[in-house]
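Here come two complexes built around chain A, the first alongside chain B, the second alongside chain C.
Moving on to the complex of A and B:
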């Protein structure tokens, strides 16, 4: 019986060396056609003046030089994006963690709360943008209506939100918090992996609720915090839909993000070489920040195996 | 005498202690739990209101007349609900055509994603082949590449083979695992969770890997498959830039593009815009409610461990 089993398994082991490639072939083909080749092509194009019409002419570092030394809009867009990411990513992490901590307690109706908090993630960015255009509408919108007692009390002018260049970025950041439920789900998933013995041991040692949160829950959540942090960064650098639909990058380029500029270079100007150079600068920025985040790994606690 | 008295005292003490243990802490713990629960509920309801209120405001706005719109919170509910607004929104643009087009893309994207990601995840989870672990790292790394790096060259590629203006760039990549690194990771976690004994005994009985994949793996990982389906559905249904870049035929436009076109046509008519937004959201909301239990289970099980 045992030898028969080993024989069957042994035969399959040798088959697996080929079968693995067959099973993974859709993805492997995709990796080459839609991954490796485009990356190489994009890198090459970033050194050319390709515009979809003629053949690409190799111009060395000209695209990079123009962008970095001779393009104020490039820096405006980069600044807007860094500003957005620097505020929205930590704020989103904080809200996501707080929601997850609240939703991790064992009380009735948890399923309903989870659904409600997750719900905004189901809405399309276009519909969400239209909704918040209306909510933040300065004269008749809900937000200013609700804030009017405060405006009256401090005798101040109502805020213009996305219609003013001072407030537009903040408006988009606040809006983004509405979808914090997306990261909350991932935190919750990890919290449920924390063995209850740890909490029971803490109870015996007389720890209070806050101590348990800061000494057990949050340290053991660090893998998903790092995951959400990197996800937030990458998403934050790429996102342009909200500003594209709500503000068209305005007022006065105040919500003109890096990826928006890149998109304009690509689709409006057909400047594929320049747009590729921008994409590679974005890749380097993303990689540097991600590596920085991953170097925090020594502060990350893993339960059980390190895989 | 004295000894007896002492004994009695001790006994009394003991009785007191035991009653203490049974009654007093029990009551306070119960009361403490109750207070704790009430506070949590109150905080959750407060936050929950902030998350759900925009939806309610959307609905009441959609039912308002134009003049009620301008009165802000003075009119919480419209005097007479204007269901007419929904009819106007549907008639203003070829709404059902857009819905149909979105469903076409969703159908192929879901089929393609399920096809490529389950097979690949099985290869990573249950098969041993040279280069597997290195390729797995490569797969995780692809999640970090900004889509713009890939978008420009793939756009040029599609232009060269004449796919611009067709639906193909929005369908074919899903069959080749495009954008599904996260799903492959998720499914791999699920497949790995299925005990080895189960597959090995099937192998001894003469089953092939393909049979194990179809007959054992897929049925046992339904929550994960539902999660992947739901994510893909929502992504494609809500995607704005993909269709914007690749579609040009007015007969192919999707609901996200349609809603945007509606906005530029009726800017300022927030009641109509909200009615149209609600209509576009309905399919995703319905599917989410329908599948949400498996969906939450699907993510929860994956246990992302960094």
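Moving on to the complex of A and C:
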């Protein structure tokens, strides 16, 4: 009797296991075909001279050696990307936090303000780039028109923005701040979670507004700050669309980002092997920097974590 | 469990049955054709009709056509060729056809022609195509593509502007010095602001390589070594950027960019009186319903030993192997290619898309009574395509533009531009050779 019961239970478990795999199969198949396979293939291709037409020829570490020791544009593109990430990520965090703090008030029509600040995130990058191309145009753009009194006061030449290799990176970074509303939403969501008792207690203790922000709000926002920081780092290393549309990587390679160079290696030079090697180098760089960023976790204060 | 499996089987069955819905295909050999007239495009219905007419004209093959936007097409095709999922027949670019032929991804067109001739079947008449295009489609004495379209570059000039300053079509410049004289008469400047410019070599479709060719020079030698280090190369580039030396580069760039940003063609908008343009500019003017009085002429050449030549390319019609040997699908693709290259279909295609077609007999019919098209077709005979350079396939575009744009922005000298470009091409060549 017991054996029969065990058998029935075993059959049931086995059926459940099969069903489990069947239900998970769309994701599993997707992961293997669209995730694991391309990653493994790109690793293999990074050791070949694959040109997207002929059979890939195995050339060991030649692609890596060339990129690291004999490709003048590789380091230019890497520097541009690091510069972009180093400035745009902290600046984006700062603007996002300030926006969230401003929009965390209980005034009439706050929903409308929040929507307005979030709206740029739903605008297509192409449309946004073209719009900013107009705004930053040195001769007839709105930005220089608005700044003309300052130019006149200091008797200086108008800034050339994206047309100058000195200003182009900063121009793209400033433009990127327009979408800071994306991270603002995450900060706002976390701010809504902060118990009002903490502020009430601070009020009783006589804390002023700034003290409440720095002693309560910002410490309790650290989980989302670190999340946005890491997200920004990873996204920043992959950035290419805006420079592709606005500056074509110029002037003089000044906005030629790593991912843009990788894209060109593949699509313009047909050097899929070299592009794959670039992708793996980028992966290692991103991983190392992200691991470093994760060490910030010790400064994160999780609500409810008494330790 | 059984029910679940049954449902899944039923779903698979429904999908399988739905794939067999087209009765027209029954019993025919299916051939895929990729083209550049996507659904929604003005030319789509006419291209679809051309394909439908082929399908109705015989009982052996059925062509499935897929139209893609020009901007998506090339990436899709590159990836498809790399993964053996390319169409049986499709468009590609003439200049790099030899690269695909070398890599054995295309069927040999000469073999098809020879087989037709041996069987006494009507085949394509290669005498109707431009010889320079056939040259670019030839690898080891065999054809690996058919010249479906042709393009050319000419000087477009605004006769209304000419009339304003007392010039006529007879005064159209033929040499660089004449060009300078005429252009200066057409400039209009209001204080610091350029209102209209007669001509600028860097505007429109004016290219450094095109002006080099006109000067009897080239970018690369026969060994594909870059050759930008002579006085002649310096002089041509210097001529381009100093043509309008009385204006600052910033003035010229702002003037040029105002057109680009606003999405208007500067010639069509009457802001430039003369410009080097392709046959595409003629289509642009047609699309704008322009009432402008204009004409076209060969691009002026250097005063001494100038060569009448222009950069012209085109789309090739290619038959993709997709890793297989000659089969009935490939034969179907060939039959369809012959149909597409025939005079009547080339005329119909020209009407649909407005391109200059590769079949000169067809273009004689299309151009009849139209002086602009007649001139453009005539100039195709002087068109030369750019070389395919394996170590720098984008040598004329991204590789060059980074230096050229800096020069135009006034951030580099002609000397530095050429030196930096040479260094870059040499580095690319060294690195490419190391991977071969």
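Going forward, the second predicted complex is superposed on the first by the 280 of 307 C-alpha atoms of A that agree within 3 Å, B and C clash if a C-alpha of one lies under 4 Å from a C-alpha of the other, contacts with A are read in each partner's own complex, and residues count from 1 in each chain.
Assume contacts are C-beta pairs under 8 Å (C-beta built on N, C-alpha and C of every residue); 3 or more make two chains touch, one makes a residue touch a chain.
Since this is a predicted model, take the numbers as computed values, not measurements.
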item	value
Fit-or-clash call for chain B and chain C when the two complexes are aligned on chain A	clash
In the superposition, chain B vs chain C on chain A residues touched	B
Which of chain B and chain C A:70 touches, first, second, both or neither	second
Chain B versus chain C as contact partner of A:49, first or second or both or neither	second
Which of chain B and chain C A:165 touches, first, second, both or neither	second
Contacts of A:185 with chain B and chain C, given as first, second, both or neither	first
Partner chain in contact with A:239 - chain B first, chain C second, else both or neither	neither
Contacts of A:250 with chain B and chain C, given as first, second, both or neither	second
Which superposed partner A:274 touches (first chain B, second chain C, both, neither)	second
Partner chain in contact with A:62 - chain B first, chain C second, else both or neither	second
Steric overlap of chain C with chain B in the superposed model, located at which of 78-86, 96-104, 240-248 or 402-410	78-86
Overlap of the chain B and chain C footprints on chain A, listed as residue numbers	15, 18-19, 52, 130, 133-134, 137, 140, 267, 272
Residues of chain C defined as touching chain A within the complex	1, 4, 75, 78-79, 81-82, 99-100, 103-105, 250, 253-254, 257-258, 261, 392-394, 397-399, 401-403, 405-406, 409, 411-412, 423-424, 427-428, 430-432, 434-436
Chain A residues within the chain B interface of the complex	4-5, 8-9, 12-13, 15-21, 23-31, 33-35, 37-39, 41-42, 45, 50, 52, 99, 102-103, 105, 107, 109, 111, 113-127, 130-135, 137, 140-142, 144-146, 178, 181, 185-186, 188-190, 192-193, 209, 222-224, 226-227, 230, 234, 237-238, 240-241, 244-245, 259, 262-263, 266-267, 272, 275-276, 278-280, 282-283, 286-287, 290, 297, 300, 302-303, 307
Chain A residues touching chain C - in the complex, by the definition given at the top	15, 18-19, 22, 49, 51-54, 59, 62-63, 66, 70-73, 130, 133-134, 137-140, 160, 163-165, 248-253, 256, 264, 267-274
Chain B residues touching chain A - in the complex, by the definition given at the top	36-37, 40-41, 43-44, 47-48, 51-52, 54-55, 57-58, 61, 69-73, 115-117, 119-120, 122-124, 127-130, 132, 135, 138-139, 142-157, 159, 173, 175-178, 180, 184, 200, 203-204, 206, 209, 213, 234, 237-238, 240-241, 245, 256, 259-260, 263, 270, 273-274, 277, 280-281, 284-285, 288-289, 292-293, 296, 299-306
